[in-house]
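Common to both upcoming complexes is chain A, partnered first by chain B, then by chain C.
This part shows the complex of A and B:
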């Protein structure tokens, strides 16, 4: 077979012909890697199709009102779970707004706070930190980026939630007792831990981008008499904008998909916190979509309930696709001026 | 790796498989697979271990134990994916047909509060009023040492424990208030009650460490009271089979229900049937 291989491959017109065993092994690598890549695409396609097909009945029965609000979403989930066995009598009624809103609140809150922090932290690490501090800071940031989320969840539920529970006054709890229970597991604790979880990734990416800015650009600015801060802010950060967008996309994706940590510290209640409630807003419970899936995975075997869970998965998948596309679109105009990460 | 080495490796793998296949089939042992309730799982694992202590049984059977929740166990066994489905809830009319529920033990379901709030007793009416949300403040509960709103800590709807609480304590007409916090496991529920003075919830007996167990209808939630039948909050543990159990499965279930060794395993944290 080895002997036959070179004879079977005519040299491509523009490529120098390589004879002997090297040519065959190159072509083999190309084929194998190509097949693997195609397999991956196929798997993703199949996964999308499966999730859509399984979740479809829930969307079909509710229409666009699926995304709206109305009633208590936990009560609706309970009714779906207790559907009669007869397929004609399955209950599908669902208004998922509190879950979607909870996902958006925790994600955007965490990304907004985290991005501000990560940007300044990265500028500090690249430009201002003394060498000794930088040698410690950078490995620590990279280590933090790799900590499994369940560990953050444990710290949240064992340390942070009991502490925050002490901050909520009894009067405040009583004032809303007929609507919702306030406790240490709430939206602020969830957002805070999510922020801590996603910030290190953003710092790491932005640091790499700031370092990749050509030296000539920054030195040119410095030669014109601009101070270090303004060089960073007007030259380096501007040039690194595509990388900052990429960092935000990656962090948002991680925050969107975070399930187990949020299931532990978010209060586990399908409730839409109202900003008009003033300070109470920060102590109200939420339950994002991914946490809802984890919490209710036990009931997957009940047909309509399983379809509803798949519908949640579907929304998460579609939003992460939109996120990637949105990130790509946002990067296009910036690329012309910036460096290419 | 050269080509000849690759071929040699492949040959060796295929050869190993050819040799291994007859080796596993030579010993004719029945594999009993189980899936289902997470509450039953520790008991099922203990029982299987004790069952295999016997030399004769070890030649006949081996076990594989999965978890997942009562509903998953029942559905798995109905579709023939496992030989036994573990369930911590009673049979329901919506369950698939042709299933036999074999009762193996009973489990005490305790109403629990924080240690800072050692309530002396709750009647069924009081439990119903608290969990359905009619009473929302500890001031209105006699014997309470704390004040402020009552924090309900319950399980997710798909849980067998939630189902048992609903049918034993609440009855068919009352629902647990939807403002309650729902936890996805007994352990998380236990942690939430331990860290919150105003909390009340319900847990399976082997998750009660660090909690105050509220006596129900004047009877303390202890293993002794559950065994004597005085404690009213007990539920059944089932092993579900498709059709009547046969062969090794039938022997295993019969052993659980009659042998002294099985009884000793069950007595550690659960209630034997006899």
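This part shows the complex of A and C:
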């Protein structure tokens, strides 16, 4: 849009016409701004279409069995990578269950532990922390929420993983050596680091929400003789439910999409840990979908392999969209009572 | 906290058991939080300060994947600054424009709602998916001017410009959200006063609403810059791990922008045991510098919030 052109401003007769961006006509401003906004809409549509179209061949060849289990997923990925150059002979066989299961385990584990912890920590910060501690804690929590994930990954791989490796006895390693290699990088380290990564976001959002609860409500409860804990638990936390849902949605989205950090500390092995293995379960490696994409990014040029990678991206994208929709739906009934997240 | 004053100190002994357990849990969570925070921050600070040498900041990385024999992180440091600038320059006008349009015009309402949802979808999309999309999108022939083009006409699809463009999508929802909040916070009577004086809607936005929401926009921008500087997945896929590698067209600035490079995040990744760099000490040092950058941006957000109040007439 040419800003220097005479603006079609409804200038009164006789008034000197002022040109420049400050005097755009309403019509033109609306069009330009609306066009920019719709550009974003277009971009999202394009992204959805691209990722689906690129990933489709992998789904088409495998059918619903794509999501099932069977065989070693890493071997299948290798076969796809080494498939012949002839398009008719492309290998697509894939059973992605271990990767999906790994994503679900780490994400839900981290969100479940993180939410419990974040709720209590937020109550502590809002209501029980000494003033001096609160003044330090709050900015630090916001800082932790902004720490790049690669730093958490570095701590995990250089500090936590060697420590956990020492905890796994040699007998335990040998007992499962014919199935899977146990090491310090495993599901519990991945879940722990992921928890540490997503909890500060949840704490920050829940603290803000607990603060935003109308004073009259909490004071009214206190005046009725309710103790401080019960005021927080029955009044503030309930009133803050939409924000808690929002916090969970945001944290889940981050956990789901975390790639680099998880590829560093999860063991990077397409293996489905079995809870029936007892204690060994906690030391088994996994590799979530996002980490799989990063680990295999070099192979994107190989057509069937690239399509498989885009299929992983497709699953992640659909999950994150469902997550936003779910969060929005969860907030709807509460909106009726005039509670704003 | 006014509830606090209504109760005598130490009276929790008389509470029901469940409440006392809850109280203890809250304290335990608070103390654990302090411990974890202190452990993480102190550990990175101590390790980083121990490994950081001034020379690291001024030397370029070695030309090999193995970084254990020398070299610093001048390139990654410059890359972080460059990528953050490109991303911000794209994200801020787009985010502000979208927010202004949604709050001030928003016609037709369905379209405005769709734009809001689209931005929510961007906010929830994993950055690795954005990276894959960017790689495909910008490898198309018409975007050849943004990156390398090989002999056969294949477009490389990896460069500073492309990485910056995709990273701007990470900052965009933050800028959009902050701007929308700030615009919504301007009372209706301010707008009405402006219209009553004969200002058009566009002039009101330009002269009244944008100045009034400047602190909000600035906060969103600083938050977005922090997210851009800290992202790793997009950088690893769309930019690279170590040295700047110009596009070779002979134009100094454009060459760098069209070429590949690295940032502190991808440098840290490359030098961790997960990468091929094999220089853990440098990974700690780079992580420390990165943390300092993020702390500075965080502090900037706080500072804007405290010092940069909206004009008095908006209240």
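Just so we're on the same page, the second predicted complex is superposed on the first by the 306 of 341 C-alpha atoms of A that agree within 3 Å, B and C clash if a C-alpha of one lies under 4 Å from a C-alpha of the other, contacts with A are read in each partner's own complex, and residues count from 1 in each chain.
Quick note on the criterion: a contact is a pair of C-beta atoms (placed from the backbone, for glycine too) under 8 Å apart; a residue touches a chain by one contact, two chains touch by 3 or more.
The structure presented is a predicted model; accordingly, all values stated were derived computationally and were not measured.
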Partner chain(s) touched by A:148 [first = chain B, second = chain C, both, neither]: second
Touching partner for A:157 - first (chain B), second (chain C), both, neither: both
Contacts of A:113 with chain B and chain C, given as first, second, both or neither: neither
Partner chain(s) touched by A:264 [first = chain B, second = chain C, both, neither]: both
Partner chain(s) touched by A:165 [first = chain B, second = chain C, both, neither]: first
Partner chain(s) touched by A:300 [first = chain B, second = chain C, both, neither]: both
First, second, both or neither for A:74, with chain B first and chain C second: first
Partner chain in contact with A:184 - chain B first, chain C second, else both or neither: first
Partner chain in contact with A:290 - chain B first, chain C second, else both or neither: second
Contact residues of chain A, present in both the chain B and the chain C interface: 157-158, 263-264, 268, 294, 297, 300
Parts of chain A lying in touch with chain C, wherever the complex brings them together: 9-10, 21-26, 28-30, 32-34, 36-41, 43-44, 46-47, 50-51, 54, 117, 120-121, 123-125, 127-129, 133, 137, 139-144, 146-151, 153-155, 157-159, 196, 203, 215, 218-219, 222-223, 227-231, 233, 249, 253, 256-261, 263-264, 268, 290, 293-294, 297, 300, 309-310, 313, 316-317, 320-321, 323-324, 328
For the chain A and chain B complex, residues of the former touching the latter: 2, 72, 74-75, 77-78, 81-82, 84-85, 157-158, 161-162, 165, 170, 173-174, 177-181, 183-185, 263-264, 267-269, 285, 294-302, 305
Complex contact set, residues of chain B against chain A: 3, 68-69, 71-72, 74-75, 93-95, 136-137, 147-152, 156-159, 175, 178-184, 188, 191-192, 195-196, 198
Residues of chain C that touch chain A when the two form their complex: 1-4, 6-7, 11-12, 15, 19-20, 22-23, 25-30, 32-34, 36-37, 40-41, 43-44, 93-94, 97-98, 100-102, 105, 107, 111-112, 114-115, 117-130, 132-133, 135-137, 169, 172, 200-203, 205-207, 223, 226-227, 229-233, 236-237, 265, 268-269, 272-274, 280, 283-284, 287, 290-291, 294-295, 297-298, 302
